[in-house]
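Order of writing sets the labels: A, B and C. Residues in every chain begin at 1.
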Amino acid sequence: MMIFALFAMSLDLLIGYTGMPSLGHTAYFGISAYTTALLALRLNLNAWLALPAGLVLAALTASLFGLLALRTRGSYFLMITLALSQVVWGIAFGWRSLTGGDDGLPDVPRPALGLHLPWSLADSTPFYYFTLLLVAVATFLLVGIVTSPFGYALRGIRESETRMLALGYNVWRYKLTAFVLAALFAGLAGSLYAYYNRFVSPDYLNVARSAEVLLMVILGGAGTLIGPAVGAVLIVFLENVISAYTERWLLALGVIYVVVSLFAPSGLIGLLRHIRSRRATP
Amino acid sequence: MNFWLIQTLNGISFGMLLFLLAAGLSLIFGLMKVLNLTHGSFYLLGGYVGLTILHLSGSFVLAVLVGSLAIAAIGVIMERFFLRRLHLQELPQALLTFGFLFIFSDLATVIWGTNPQTIPKPAIFSGALQFDGFFYPSYRLFIIVLGLIIAGALWWLQDGTRLGAMLRASVDDEEIARALGINVSLLFTLVFGFGAFLAALGGVMGGPIVGVYPGADFDVMLLGFVVVIIGGLGRITLGSSCR
Amino acid sequence: MTALTINNLSRHFGGLQAVSNVSFTVEVGERRLMIGPNGAGKTTLFNMLAGALPVSAGRVVLFGRDITLLPAYARARMGIARTFQITNLFPRLTVRDNLVLALLAAENAVRSRHRPVSANHSLMHHATRLLDKWDLSAIAGKDAKDIAYGQQRQIDLVLALAAQPKILLLDEPTAGLSAAEVVRVVGMIRSLPRDITILMIEHDMDVAFELADRVSVLHQGHLIAEGDVEAIRNHPRVREIYLGVDDE
């Protein structure tokens, strides 16, 4: 759950704070996941190398994709990011020799730290704390980014790019940086997921997943960081619950999407704020 | 040489299907600035409904007509009661159309099952045409011809008629179009329905060669997006060029 | 000393020639008013000066430096600040945050993205002082979209001033304001120091003639007259164009 909270928060940086609607965020999650998994599985690299390697690859891809996608705005941007992430999916699916294609990469080992510690990360509890630690650090960093001048600038860009330009901000550079940063955090989530799930497949790169993380952000409330985290927890929870009762998970999800988009476009946090402000002004 | 010719013609005939899809997508996006992620569903549902009608009636023509119109109706309902409320909000729109995509996708597997199916070709086209010892399925040729006719009709509609002019005006500047008395809301609904119609048409027509199967909506939609991006948005004719 | 020179500036949109061959020079500290009927090309010209629109032909020279190809944000860093004809604030940010963004740009502090903004005391004081100076402290905590239109126009101006620009481009700052608000804004502009050069588009003739050192008159993309207030007031061509529109 924490992993997806992180993933959702990383997307929030892009969507909620900078105002760039990206539907391709799963690409970075997936790239990092695959990289870490492959390095750990095939080359037996320990976590100190495999994890950062995933991040680096995610960041590089984001730089490349960003250069392409940032030529566009709004709905065009949405489309291009979606298309690009599907290219990644296609590669994961098609390059069987590297990625195992549809079958994925099973038996990814838990992270090997190479340290002589009393417990091994192969056990659930220590791994849980390991993940918790990393997610906590990442969250701390995200909060730092968002409250910094850089974060302010991103919000300004979301509100009015022309004004930001007139004030002297190199908007394009900010957007690209935000894009890559978001990809980095998504990548972290991806690599952690690879370790957690011990299995990586193209499944996590498909269109449905792209939509799902978007839902997490919107459901929780874009632009708040905590909103998407809550949204992620909720969605993961719902997914587990509903799948236990019926196979029609996709249908249920679809209905949730429709309902949320129509009635709660500013998410749960938005609703909370609305209620609070209604109470404050009698 | 024959091999290349066959491949090319195959590509073109498949491309025609994509063209139908992309044209609708492009129209909807160009006019309404809506990224219709449900478009793939229209294709899929068109195919499935067409299949059912064919089984019930035995008539291919009826299957095509009913299939396309039924889906067009669904499109109209979707626009009128749901999409309209989210005017110009890209993210909620994406979410909504995604939602419907999932709903339709799942419903389709409930109603029609998970096995891939094909629509049998109509009798007149089930053979192959022969040129100089070179055989080519006549159905695919039919699709190519039909595609060209439709493309021509769309082009004429856009550039040659008053409806087309209203469309272009609304794409350029919605507010002014409204001020000029053009009923933009009705236009939106019609265009959306028409886009759905085209996609469904593609679905039914494509049934015999591509098949109707769960997941076709996702597959076809992605390709459709690529065509639209490459071809530029809002301009129907360009979209057909890349295939 | 010359602040701004434009040479043969032109801009066309397809077949439409919005600005044709306009040239003029503005001195440092001058208050230059640009007037002309709607569609004369004033805002297009402004957009070319600010870098929001590329030129079709001609050159823009600022403090001796050719900035014709320079992007908007780079020009802002050189000392150009502008306001917008349609108020352009950050709607969902508070008034204070609007200012903070403007100040951050000027301070170049954005490089250090580590320190939280709220901890930057000197910055926050600066913002508060600016709001006090223009008597706008009352609305500091409100979202920009929630304040009155007149106040929005004022904040638009304050944002432009925050970076202590050398040259101000004001696009119809009094548009849509009530008489009392116009007086307020004119007072604000009047009180600006003479080391700032001001280029201003105005529709309200009284305001224009009150503030101007010199006036440039645009009509259908051409510069048809230029001179001091008296000269322009009595210019035959200008009177001809404004017949019926002149509100003297």
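To be clear about the criterion, a contact is a pair of C-beta atoms (placed from the backbone, for glycine too) under 8 Å apart; a residue touches a chain by one contact, two chains touch by 3 or more.
Values in this document were obtained by computation on a predicted structure and should not be read as measured data.
Using CA-based centroids throughout, the chain positioned farthest away from chain A is C. Taking the mean of all protein Cα atoms as the centre, the chain whose own Cα mean lies nearest is A. Chain B and chain C have Cα centroids separated by 49 Å.
Separation between the centroids of chain A and chain B, computed from CA atoms only, is 32 Å.
Between chain A and chain C the centroid-to-centroid distance comes to 41 Å (mean Cα coordinates, whole Å). On the side of chain C, the complex with chain A involves touching residues 50-52, 71-74, 76-77, 81-82, 84, 88-93, 97, 100-102, 104-106, 109-110, 112-118, 120, 159-160, 163. Chain A makes touch with chain B in their complex at residues 15, 21, 23, 74-76, 78-80, 82-83, 86, 206-208, 211, 214-215, 218, 222, 248, 250-251, 253-258, 260-262, 265. Residues 29, 33-35, 82, 85-86, 89-96, 98-107, 110, 218, 222, 225-226, 228-229, 233 of chain B are the ones touching chain A in the complex. Against chain C, in their complex, chain A makes its touches with residues 144-145, 147-153, 155-156, 159-160, 162-171.
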